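After this come two complexes, each holding chain A, first together with chain B and then together with chain C.
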Partner chain A sequence: MSVIAPNFKLSGFIKAIINDAVWFLLIFSLIGFPLVMMVLFVIPMPVIDGELLTPFLAFTYLADPSRTLPIVQAFMTTDMFKIMAFPGFGFAALLAAGTIFLERKLLAKLQLRVGPFYCGKVEGILQLLGDGLKLISKEIIIPAKADKPIFWAAPVLFVASAAAFVALIPVAPGWVVADVDMGLLAVFAVIGFFPIVTILSAWSANSKFPFIGGIRALFQMVSFEIPLILSLLGVVMVTGTLNLSEIAASQSSFPWILFLPVGAIVFFITMLAELERIPFDLPEAESEIVAGWLTELSGMMYGLVQLGTYLKLYAFAALFVVLFLGGWNGPMVVPPFPMEIATEGIEIGPITAKIAGLPLFDQEMLNGIFWFVLKTVAVIIFILLPRGVFPRVRVDILLNLGWTKLIGLAFVNIFIALALVYAGVLGPGGLQ
Partner chain B sequence: MTVELPPGLALQKVDERIMTLNVGPQHPGSGHMRIIVQIDGDYIVACDPDPGYVHRGEEKMAEYRNYITNIPHLERPVIHDSCNALYPYVLGVEDLLGIEVTERAKYVRVICSELNRCIYTMYWLAIYGIFLGHSTMFMWPAGDRELLIDLMEKISGARVTHSHFVPGGVRNDLPPNFEEVCLRQVNYFEKRIKEYAAVFYDNPILISRTQDTGVLSREDAIRLGTTGSVLRASGVDYDLRQKEPYDVYEELDVHTNVMKEGDSYARSKVPWLDMMESCNIIRQALQKMPKSGSVRVKLKPNPKGKGLDSVYKRVESGRGSLGCYIVSDGKVEPYRLKLSVGSFRNLIALPYLLKGEKLGNMPSVYWSLNYWPVEADR
Partner chain C sequence: MADAAFLALTVITIGSSIAALEMRSLIYGSIALMGTLGGIAGFFFLLDAPFVALFQLAVYVGSIAVLILFTVMLVKRELIFKKIEDKRRKFAGIGLMLVIMVSLGAVFLDSGIKTITTDESPVDFRDIGIDFVTYYWPALILMGLILAGSVTGALILARREDVENDQRIS
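Moving on to the complex of A and B:
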């Protein structure tokens, strides 16, 4: 009998392990196996050793790493992977989760607090998981007089709009979900959806505080959309393209923020307003209108809106990086991949394995992702910082700022861009 | 037959444009009260404060307890300022019983009272910060308050509800070595609160939000009967510590902070300046205090008043003038006790100030009135 576990019995322990193993096998065979098969049916199969893989053959290959990697590589080129995992939703959600943790700890340091501490043993790193579990397990309460279909749909629409925004962001050369030629116009179109979703949610709740919050959000987003669009026109003028990948590629020697600082500042301020972050969090001003348009949302509906908000935050920060800070461009810091492993094989104990399909990621892509993430996190920190420094502004001051000062500055930026283009300093594609 | 419904519940025939909002009692921006606000777009047309949700019958309760057992519950209306809340009662009972307090006890009372004023004002400031959406200004005062709470804990043994003042002096003498610790903590506290200027009082967004909002003119401030920091922010130099000095305030050099603007920025700044003045008073009191001596005059177990008698005493609390009227009929408990609190007198100004303001100004104007809902309800 030990002191640590006085009720410990070996038989019970073995029984628990067997029990767990049975559950694991059951879940894997019932969910995992069909899932892998479905994925294998969807992706285009590569030709390995002269024979075209069939899904069933591929499934038998999964046990061998040298034959698995080509399949993984083939999977990585599919749209499904791009949408769900890497440049799309999964990557953005991971960065958004990191942002929430960073925000809590950063703000806590600023305010002489500790922040999340207990959940997850190390600096409260699992606090977000705990919050998510709490939100999922909570009851969803819908006001009796709410317009139920719209009220249900609004949080989902909000996340969908944010995910659509994320899909337009190029992360590394060639790594973008939707490489649209009119990329920037598509961004404006997606941004235009947020006020609609907000007012739908606020109006369908049929409650006073959400209504006022929704109207405020509408005011704020619509009046800041104009300086937002105008501030980005300068970049379009000097690059001559609306494609976000091309805009990022055009900054290989220097970022546009050096030439268009006014536009960058205007875009940053309008970004704060579009994101409803302090000092522009009027639609959620808790001392005036409880939680604004989020007041009646409960449980996971609120969780979805929060997820959408942070996805939107990531997408705006990434847009700032792509347009003004040079996107993925940066000095090469990632070491080259040792190609001997793929060509000559690697010695694992007594056997020499030759792994086909390596390297999975090329050097330029990893370098691009590194610089992109670094710059995005830096911009996100700048978005988070005002929360610790500024109080909330008032509606009339906000609208005054949006309609007079920012639009004026955005025009100044356009004139700077025009002067640069006509003087022949800059043209489409960089220095002339 | 018509039934009189309480305000806010009655159906009112108003313009279709006007929306009635019930801010409180369960609202993050109200406290334990309700403000019925009628808005036209973003403008407040009418406002009707509705206190009374935390009425505890302190005055009636006082009629059933003797003069000593009244002490713990009379400080409950405002626990963060408990020494000041008890001060007028203790002064009044001493007057009724004809007790003269020792010099050292008077100085200890002044120190406790000023420490409590700072503790209360820091709490008030923290809430003012979060009402304006400034979360750093919520955390910093709430943390720096601990310095003074520690001092009060050293003096009385309790963090908030001290019950330290008793008729005849104070409960216990100061702990040994208190003067040095107090001086050190108060000096550091003053240094800390001066830093708030950079993050809060000089913040351009704060100034643009609170300046010229909810302006209370000098005449209106006097006419509506406001007291304390609200009155001083409207340009009236009125502080009971200076005008009607009690205990040893006349031996101390008390400055008052007066601002002429009368807007919500001035009302939020005057308590902050008052805290620095409190630090000055504490330093003076520590210097002038007799180093030894008794701090408590022993009373009989159940003190009684001398026949039919009444007394009214008032002090300057964190929220302005706090008066206590005691009627004694010669028994062990008071015949009648009445508290006249600054919170309620300041709240009267709210409907006048909010009329025609924007909805976004409501929290800043409301909380700048230095109003404590529990104290107003008693």
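Moving on to the complex of A and C:
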């Protein structure tokens, strides 16, 4: 006899399932199906093989594996796919989740620990899944005197700002969610939203520790935005454009870090401060003010803020790659697609399978993604490394660094860029 | 599409500006002010001026609204504001606003704005930049000097050490 459900009856179980199924069919056919049809009436469907794709045709295609790929291809060109999956949120969230695991293992190895080890048997690879399940299943506790609307909205706004930042990053030639003509300015505008969300979240918790952490975060972010913007002007001067895709494409022969190393260093330091990473983690100083502005967040609210933080980390690393390390540019390492598969089909014993819609991916795109991800992961590791090495700095040292030294160095970088352009090394008539 | 966006932006901008004035909570008021400034950025987007729109977002929403928010959070409002609740003041304010808006509208309608063609291609921000460093360079220099002067003044004010703590409270 089962202990979990002592009154279990198989007949009752089957009856419940049939009951549910009947209700589902009834509701779907009365409400869901007309709704789907109404939505399809508005959304333009793709044309495949000269035939307009209807839902019935799509189901027919999906049942036939040799005709599935054209649908996938048509889906991959939609804006929805770009926003949700590939250069946008899904891809970034995957890299962000990988970063969390990498950080824990890397930090543990640096400090001669083992890190996550038991969850998932092999080096704790399922630790993230376990953490995610734990965060989702935990109760969300709101402080009694908190300002509830702002407190609820802040984590969502934080993730939304981070996702907007991610949407501006070009990953491969033509693979960017929002190819804005003034992409770098849009980046500055999006970065400006993080301090607002932080201070609102900190204030609305109505607690001492979050408020102290929020004020620290505000000081730090606002004062480091200025050297951040100034350090990137050098790149804008030598490329003559604000579009991130064009900046990445302009580095096909050499990355700008070779010519503007000062700007790259200033940007890297300001990046650490904007991300609240050690040695600039005063807003979250866990040995002084519990967890800083995250103290009162619990359950999935904390999870959302963590997700937003790591999305932001990915976006900053990717921005560094796009501006200074050449973006997707790199030697071609991906082998060309064997075209005889597309033209003649695959022979499996006596059967020859001809699959329409091949090749699914561009060779150039795959190569671009490979180099982009490689460089981004390298930059992310460089962002993670100081956590195992440096102690936290004091707040006056931090602000002094930002307002005097970094701004000065950023101006030096601007003058280097100007000298390179006017000496004819770069720009028209120069190397490029 | 543009009409719907225009209407939505108008509702957001005017609604949040009224909210910014009328909200009892100062924090919510400053959040509403952010909505107003963001709505104005949206208008710049509609006017094919993304350069101005993004600067509006970066400077006004990103810095000035944060400054206001921060100041509001640190200030105890009972000390600086004396509540004057008066129906007459309110109506006088609304009347004054209407008079100003009507007169400004009359000036606009009287000027040559009606003859401007609206379907011209947007002005490139590079052209504006080139104009600034060639023909309008005195204006640029003047703006730079004014900004530098105000920054220097702010630094001097911030470094004043003759104000004692007991003087500050009064």
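Simple rule for what comes next: the second predicted complex is superposed on the first by the 378 of 432 C-alpha atoms of A that agree within 3 Å, B and C clash if a C-alpha of one lies under 4 Å from a C-alpha of the other, contacts with A are read in each partner's own complex, and residues count from 1 in each chain.
In the analysis below, contacts are C-beta pairs under 8 Å (C-beta built on N, C-alpha and C of every residue); 3 or more make two chains touch, one makes a residue touch a chain.
What you see is a predicted model, and the numbers here were worked out from it, not measured in a lab.
Novice: In the three-chain superposition, say which chain, chain B or chain C, touches more residues of chain A.
Specialist: B
Novice: Could you say whether A:K148 touches chain B, chain C, both of them, or neither, answering first, second, both or neither?
Specialist: neither
Novice: Report for A:I278: first if it touches chain B alone, second if chain C alone, otherwise both or neither.
Specialist: first
Novice: Return first, second, both or neither, reflecting whether A:I212 touches chain B, chain C, both chains, or no partner chain.
Specialist: first
Novice: Which of the two partners, first being chain B and second being chain C, lies in contact with A:V395: first, second, both, or neither?
Specialist: first
Novice: After superposition on the shared chain, which partner residues are touched by A:F193: those of chain B (first), chain C (second), both, or neither?
Specialist: Second partner only, chain C.
Novice: Thinking of the overlay built on chain A, is A:V222 touched by chain B (first), by chain C (second), by both, or by neither?
Specialist: Only chain C is touched by A:V222; chain B is not.
Novice: With both complexes overlaid on chain A, does A:K405 touch chain B (first), chain C (second), both or neither?
Specialist: Touch partners of A:K405: none, neither chain B nor chain C.
Novice: Looking at A:K134, would you say it contacts chain B, chain C, both, or neither? Reply first, second, both or neither.
Specialist: A:K134: touches no partner chain.
Novice: Which parts of chain A are in contact with chain B and also with chain C?
Specialist: Touching chain B and chain C on chain A: no residues.
Novice: Note which residues of chain B are touching chain A in the complex, please.
Specialist: Touching chain A from chain B are residues 19, 21, 27-29, 42, 129-140, 143, 199-200, 203, 205-206, 208-209, 358-363.
Novice: Please give the residue numbers of chain A that touch chain C in the complex, ascending.
Specialist: By the definition above, chain A touches chain C via 147, 150, 180-182, 185-186, 188-189, 191-193, 195-196, 199-200, 203, 215, 218, 222, 225.
Novice: Could you pull out which chain C residues touch chain A in their complex?
Specialist: On the chain C side, the touching residues are 27, 31, 34, 50-51, 54-55, 57-58, 61-63, 65-66, 69-70, 73, 125.
Novice: Can you tell me which positions in chain A touch chain B when the two form their complex?
Specialist: Where chain A meets chain B, its residues are 107, 110-113, 208-209, 212, 278-279, 281-282, 285-290, 387-397.
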